[in-house]
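Accompanying notes for the structure given below.
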Amino acid sequence: MSDVEHPFTSSRHERRKGLREKIVRYLMLASTFAIIIPVLTVIVYLFVKAAPVLSWDYITQNPGPLGKTGGIWLPLMGTFYLVLVSLALVAPVGILAGIYINEYAPNNWFTRTIGMAVTSLAGVPSIVHALFGVGAFVLTLGMGKSLLAASCTIAVMTIPVIVTATREALAAVPMAFREACWNMGATKWQTIRTIVLPNSVSGILTGVILEVSRAAGETAPILFTGAVASVAISTDTFDRKIAPYDLTEPFMAMSYHLHVVAEKISGMPEGMKFGTAAVLIALILIINSFSITLRVWLRSRKKW
Amino acid sequence: MRGVLQGIRVLGSRALDRAEPVIRVVIYASGWSSILFVAAIFFFIVKEAWPILPQVNWGEFFFENRWLPNPAEGNTPVYGAAGILYGTFAVTAVSMCIAMPLGLAAAVYISEFATGKVKETLKILVELLAAIPSIIWGFIGLVIVSPIIQDVFNVEIGVNLLNASLMVSMMAIPLIVSISEDSLRAVPDSYREAALALGASRWEVIYKVLFPAAKNGLLAASMLGVGRAVGETMAVWMASGGTESIPDEFSPMILFERIKAMTATIASEMPDAPHGGEHYMMLFVVGIVLLLISVAINVVSDLVIKGIKKRNS
Amino acid sequence: MSEHAHIEFNNVTVRYGRNIALDDLDFKVKRNTIFGVVGPANSGKTTMLKCINRTIDFINTAKVEGRVTIDGEDVNELRNVYSLRRRIGMVFPLPVGLPMSIYDNVAYGPRMAGIHDKDRLDELVERCLKQSVLWDEVKDRLKSLGTKLSGGQQQRLTLARALSLEPEILCLDEFSIAIDPVTTMKIEDVLTSLKSEMTIILVTNLIQQAQRISDNMMFLNNSEIVEQGPTPELFANPKNELTARYLSGEMG
């Protein structure tokens, strides 16, 4: 009827469809914003409330009694060393495991089991990692509540992060390169160390940065394995200031410190709470921005 | 100078090659170690709970809501974890009701409607969102959202099921968005083009063509979101109020009840449980249950995801 | 020693799982000749090449029966498979430039074999690039990335790499598929001149190419040898009807 007479104008049915489509599109957009806007608002609010407290002194001073005054230097150092030690533990194992899975492992049930083990490891809740850390490192291996035990716990927890990033980075190197090298008489290891690994560094680095971010932010795994609310350490001398902790002693950490000042102590000035939160989240966001910038920069330098 | 560097590189090259057999062993060992670690986790957790396992009254554990590790004088401790299980279940359910539709909608928007710089920016924002640690969400829930809930809904306490669920959903959403977006992207453009050529609207393409085609990945995304929710500790602990009560009737008011999840229970009670005691061991039992649930969810959803990765490459 | 042909296949059968890839292959390749191998797709030509340098070892499902010998020695019994592969140069259908400088591309093989002397490598790189008719085009930019070259240049780079270890055998697997006719002709001329230094096996789907430069030929179809012999004879008097149809272009 009207369709036949005016084939290029939209029928009523089509106009209704078009309207429905517009509604849907705006709904999707609204959902996206419903997620992003509140988060951005909250983060800004965090920094606003923390502003009165944030200062160079805040970062470089130790917490005062009960954390009601002073700064966050000791927790900051604790987090720093936690990240360092856990990275030193997990990076070699994780990267080599990734190399094994992608380059050497035959295509059989055993390899599939390994892949499933990595996935399972990723699915373990953080508090269960804490329980494991207590059972394995604190008790059985006798490390006690310490920086070492907590670092080991975090290391086990972040194995999947490094393994997955390594695997993906290795898989991105085209098979044709490897075959070209094998046909020239290079061994598998020679091929890996001269072609595959050097061209996977960027992807592996992304995984490393992700591990750093997780190690800095996680609270549950360090709850019973080494983090404490306060330590009796003086940081008078310079080397005690930059390396206050002993691997075998408990330590303070930013994530746990936030938990303590937010909930455990009455009469905590608001600024102190927000200050810790703000520094922690700034740290995490900076670390992750590194990762993102690194990826963008590396994509522009593609060698093939 | 260049000669020296060159010389070092050559020596290093020769040494690395000669060390190949040893390196191979190390690589193989590292590969197999992940199985070792998973086994170790199970082993050590069961080890700590071992003495009490034969004596656990499983019926009481799963169905009775009386978690009294430190009862009043003269009474024996009871470990009925029904309330705690309810807590985990409730937070997971409510947070998924929020996170799945929002997450899916955002994924659809990013994948199908956003373009160029907007798309890039949105993807980066989602990635940064994913990085925000649990403790920050717990903090936000406790300090910022709690008063808001108290004001808006006129209730006495702001830390409750609703608060905890909101916080957990914020943690699950980035996961759901990125995996859903991956699986939508895996659907070949030819599907979209064919449908559009037949006169379908954009929405119809999404609803009738893309969703069915990507349903594996979308399912996996939801499952991983659930896994995240089940395993979340700090956000739930700080925002949930800490009482394990199961409501008698099913009304929206349950959102404002305080709850206690399995994860939070372990986290809050462990410091006070005397090492090697009954309470201590029961907490490890809760850990075992938690572990089994989470690993099962993760393994299943990974098998589902392997379907998308194959199609994407 | 010299009564052995350079390369010999004796009743070689290769299976991938249950599928037969090569069916009772039996042929000889004489020294310092170009041995052409023609046949339709999936007739087993690439598998045959993989058996010579044992890259078939990388395929889990492959089972090899029979003997493949070089100078009378069974390749599967050699202890060092890597030195075997260095005696054989391979060029594939798709040009592959390794993601490193042109110089490093050609020097890769020798370096992995333990040659690090700079002067020797310099001389080697120049010689191989000249042999593969690439030297003039790249001599001023040896440090630039090999992957940034054009397809034809990358294929010549691959040839230079294949020659870098001074192989006694050179195998080419449909090398001209992805490159232009001019480069193809250049490489064909190179092969003809290289004949004096090595034995060349030329797998090709270009029938005229086989006719132009090969001395002896083998026609593979459906994993088995249909006919083999001196090239002029195969074209003039094919004994098998299938051969006649394929060589005249009737069959695809």
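All chains are identified by letter, namely A, B and C, in their written order; residue positions are counted from 1 within each chain.
The rule is simple: a contact is a pair of C-beta atoms (placed from the backbone, for glycine too) under 8 Å apart; a residue touches a chain by one contact, two chains touch by 3 or more.
All of these numbers come straight from a predicted model, not from anything done at the bench.
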Worksheet item: To reach chain C from chain A by way of touching chains, what is the minimum number of steps?
Response: 1
Item to complete: Average the C-alpha coordinates of each chain, average all protein C-alpha coordinates together, and give the chain whose average is closest to the overall one.
Response: A
Item to complete: Compute the centre of every chain as the mean of its C-alpha atoms, then state which one is farthest from the centre of chain C.
Response: B
Worksheet item: What chain pair has the highest count of contacting C-beta pairs?
Response: A-B
Item to complete: Between chain A and chain C, tell me the centre distance in angstrom, where each centre is the average of that chain's C-alpha atoms.
Response: 49
Discussion item. Averaging over Cα atoms per chain, report the distance between chain A and chain B in Å.
Written reply: 14
Worksheet entry | Length of the line joining the C-alpha centres of chain B and chain C, rounded to whole Å | 54
Worksheet item: What residues in chain B touch two or more of the other chains?
Response: none
Worksheet entry | In chain A, residues with contacts to at least two other chains | 187, 190
Discussion item. Help me check something: in the complex, which residues belonging to chain A touch chain B?
Written reply: 17-18, 20-21, 24-25, 27-29, 31-32, 34-36, 39, 42, 45-46, 92-94, 96-97, 99-101, 104-105, 113-114, 116-132, 134-136, 139-140, 156, 159, 163, 187, 189-190, 193, 213-214, 216-220, 223-224, 255, 258-259, 262-263, 273-274, 277, 280-281, 284-285, 287-289, 292
Discussion item. Under the stated contact criterion, what part of chain B meets chain A in this complex?
Written reply: 16-17, 20, 23-24, 26-28, 30-35, 37-38, 40-41, 44-45, 47-48, 101-103, 105-106, 108-110, 113, 122, 124-125, 127-129, 131-136, 138-140, 142-144, 170, 173, 201-204, 206, 227, 230-234, 238, 263, 266-267, 270-271, 283-284, 287, 290-291, 294-295, 297-299, 302
Worksheet item: Across the complex, what residues on chain A touch chain C?
Response: 106-107, 176-177, 179-187, 190, 194-195, 199, 303-304
Discussion item. Could you list, by residue number, the parts of chain C that touch chain A in their complex?
Written reply: 53, 55, 58, 60, 82-86, 90, 92, 94, 96-99, 108-109, 112-113, 145, 147, 158, 161-162, 164-165
Worksheet item: Quick one: in the complex, what on chain C touches chain B?
Response: 111, 114, 116, 118
